[in-house]
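Here chain A shows up in two complexes: once beside chain B, once beside chain C.
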Partner chain A sequence: MLTQIAYALPFLAQGFALTLWVSLLVVVFSLIAGVIMGVGLVYGPVPLQWAVRIFSDTIRGIPILVLIFFAYYGLPAVGLHLPSFWAAVLALTLFKTAQVVEYFRGAVGSIPKGQSEAAMAIGLTFRQRLAYVIFPQAFRRFLPPWINGVTDAVKGSALVSLLGITDLMQAINQVIGRTYEAMPLYILGALIYFAVNYALSLASRRLERRFSFIRE
Partner chain B sequence: MSTSPKNTPALLDVQDVSKAFGTVQVLRSVSLQVAKGEVVTVIGPSGSGKTTLLRCVNFLESYDSGSIRIDGKEVGFREAGTRQRRSERDLAAMRAETGMVFQSFNLFPHLTAAGNIMLGLTKVRGKSNAEARTIAEHWLGRVGLAHKADSLPAELSGGQQQRVGIARAVAMGPKILLLDEITSALDPELVGEVLEVVRSLAEDGMTMVMVTHEMAFARDASSRIIFMADGGVSAAGPPAEILAADTDNERLRTFLARFRASHF
Partner chain C sequence: MGYALNFNLIWRHFDKLWGGLLLSLELAVISIAIGIVIGLVLAVWYVSAGRVVRTIIAAYVEFIRNVPLILLVYLVFYGLPTVVDIAYSAPTSFVVTLSLYSGAYLVEVFRSGLEAVPRGQLDAGKAIGLTPWQRLLNVRLPTMLRITLPALSNTFISLFKDTSVASVISVPELTYGAQWINFNTFRIVEVYLVVTAMYLVTGYILLFALRLVERRFRAAR
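Now for the complex of A and B:
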């Protein structure tokens, strides 16, 4: 049994690498898109606020799995044929983006209005106010839910296996198909996912402590 | 001292400014001139528009009609009576010319005392870190907090925080300093140290408009007192005249009587 699994390790490692790659892409894309849309939601003109609101509420109301199938099987109907990998990344990114928008709104909304006013009063422009006054303070509040969301993204990436993409989950299923060693392999898979997410939450706690000097 | 110096052009010139929040008229055709070096205190019951007026001067609030000029330059709107807001960049540059100190201090909690002062100096005034640090230390010294340069706001008392707030505003070299009830959030024993700083700035010739409930301070430190009621200027004049118990302005008399009753 152990030798069989040992033989499978390089294959599992490839799947694991793909899981990390998908997660990384989703986390980075959703962070950028989410913060931009978050700025639109909090500071933008009313029509833009509505657009972001509708996007966020709609996406968050749909199961990720539906988004993934829609991106892969649905979009070709409108002429958009994405390879399975990118369809999956797109769906997961949309889902995460909607969450990042909410984390951002919550974090920025918690900063008292007086902070913006004090920053205005010394002559900082809108961008400077965000960069030097609002974001540094909002960051500490943004971090815990966001890291939580990152671990969700890592776990959620297992769904890409349903499009036949060989991530860690799919790799494990394939090895099980050859060896019939379901229990040890699923335990191994669970341990790997857990290790990644545990490392993330440790890093998160460390970062939070690093920024805990910001008190109100 | 004259009520409104007619010959010298006013540094701050507020003309017929009106403003409504929805259906509530908060400013009714307010006019006010402040000459360079003058200290004007604005008193009045809460809801009389004092704070709103102050916030219009550096355009933290917009207003519906009228004009506000600092040094001859229209503040929030483009010239020629248009209601067209200045660009974000223009507004920022104009605001840098007025200093504001807030009731709730509004120090940046993630920056040290020196850092609070240095932010505007480096990002708005374009000074190097070293220059900004020198200026910050100078002003912290002026407000008696040289030893707190590297303390975070959370490590300072209310009075100390407000003194940093004042230092942050004056370090920018503003033409005029706006003080919005800066002692109202302080414990009584901390009020004195803050007013002392304001007094010393006044002696140095800093032009100030100060909304306050500290009548004794208004009497001693200001060149002129403006009494506001219901969004308009109800009385204006030298302290002795305004704070006289036998004024024939009924609203002012009621305000002062109520004030005296609650403070003695």
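Now for the complex of A and C:
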């Protein structure tokens, strides 16, 4: 049993690398899109606020799995042919973007109004207010939940295995298909995911404690 | 080029989706019911236990929270029967998984809820001569449940969405119904539009109903 698993390790490592690659892409894309939409939600004109609100509430109401199937099977029918990898990244990014929007809204909303008013009173422009007053403070509120939320991207990435992409989850299933060592391999896989995600949630908790000096 | 929407085949097989939705709800309800029991017992145990028990409970919670649900589903359905002499159907196996999964999240919810019960209430209970059990059952738990109700309803709604993962072990819930229609009729866009709408509408009806319940039982502050 151990020799079989040892033999499969390089293959599992490749799968793990793909899991990390998918997660990284999703995290970066969703951070950019989420912050832009977050600014739209908090500071944009009312129609834009509505659009972002509807986007976020819709995406968060749909199971990630359905989003992934929709992106993979549904988009080609309307003329958009994405390889399975990018369909999965797109679906996970949409899901994660909605999350980032909410983290952003929560972080900016937690900064007392007086800060913004004071900045206005000393004559800062809108951009200056955001860049020098609101964002530096909101960043400390945003970071801990956002890092913790990265675990959702890593966990969600396991669903891409259903599109036949050889991520860690799929690699484990394939090795089980050949060796029939189901339990040891699932536990090994669980421990790998656990190690990554637990490290992230510890980092999140540590940052939260470090930033806890900011109070209203 | 040019994809004409045609919902006829979806309506013809709508029983697959409707039955799937009902099964999704059933799976979520049974799982949260068992999850609440797990969560309550472990949370009450946790706050009064020593170091060893606390570590074990925390290990369970952290393990479940940091591993993808789909892996847990596979582990319980395909993995466990190879080492333990048990056999169960796919839906039963999924309910076991989702119960353990929700239990882990609810331990955290209930634990922080128990800590949020004002000290004065417990002292008052002591002062009127309630035994420790009576204080737990009549003072601590009811107050804690009121405090945790919003978190509880959020957990339920996300469990309802998580039931879609049951499709990977062929439990005929809503997502499985969607895939069935996808592969058998190729009305792909239509079926996912309908299924998405079904998840959204059900989710928001649940949210709305649970918010009404919350308002009824809101903790007095």
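Note that in this section the second predicted complex is superposed on the first by the 211 of 216 C-alpha atoms of A that agree within 3 Å, B and C clash if a C-alpha of one lies under 4 Å from a C-alpha of the other, contacts with A are read in each partner's own complex, and residues count from 1 in each chain.
Operating definition for what follows: contacts are C-beta pairs under 8 Å (C-beta built on N, C-alpha and C of every residue); 3 or more make two chains touch, one makes a residue touch a chain.
On a predicted model such as this, the values are computed, not experimentally measured, just so you know.
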Clash or fit (per the criteria above) of chain B with chain C on chain A: fit
First, second, both or neither for A:S161, with chain B first and chain C second: second
Touching partner for A:G61 - first (chain B), second (chain C), both, neither: second
Between chain B and chain C, more extensive residue contact with chain A: C
Minimum C-alpha spacing, chains overlaid - chain B and chain C, in Å: 26
Interfacial residue positions of chain C with respect to chain A in the complex: 1, 3, 62-63, 65-72, 74-75, 78-80, 82-83, 161-165, 167-168, 175, 178-179, 182, 188-189, 192, 195-196, 199-200, 203-204
Residues on chain A engaged by chain C in the complex (per definition of touch): 58, 61-66, 69-70, 73-74, 77-79, 151, 154-159, 161-162, 169, 172-173, 176, 180, 182-183, 186-187, 189-190, 193-194, 197-198, 201
Chain B-facing residues of chain A, complex: 112, 114-115, 117-126, 128, 132-133, 136-137, 213-216
Partner chain A, residues of chain B touching it in the complex: 58, 60, 88-89, 92-100, 102, 104, 106-110, 119-120, 123-124, 152, 154, 168-169, 172
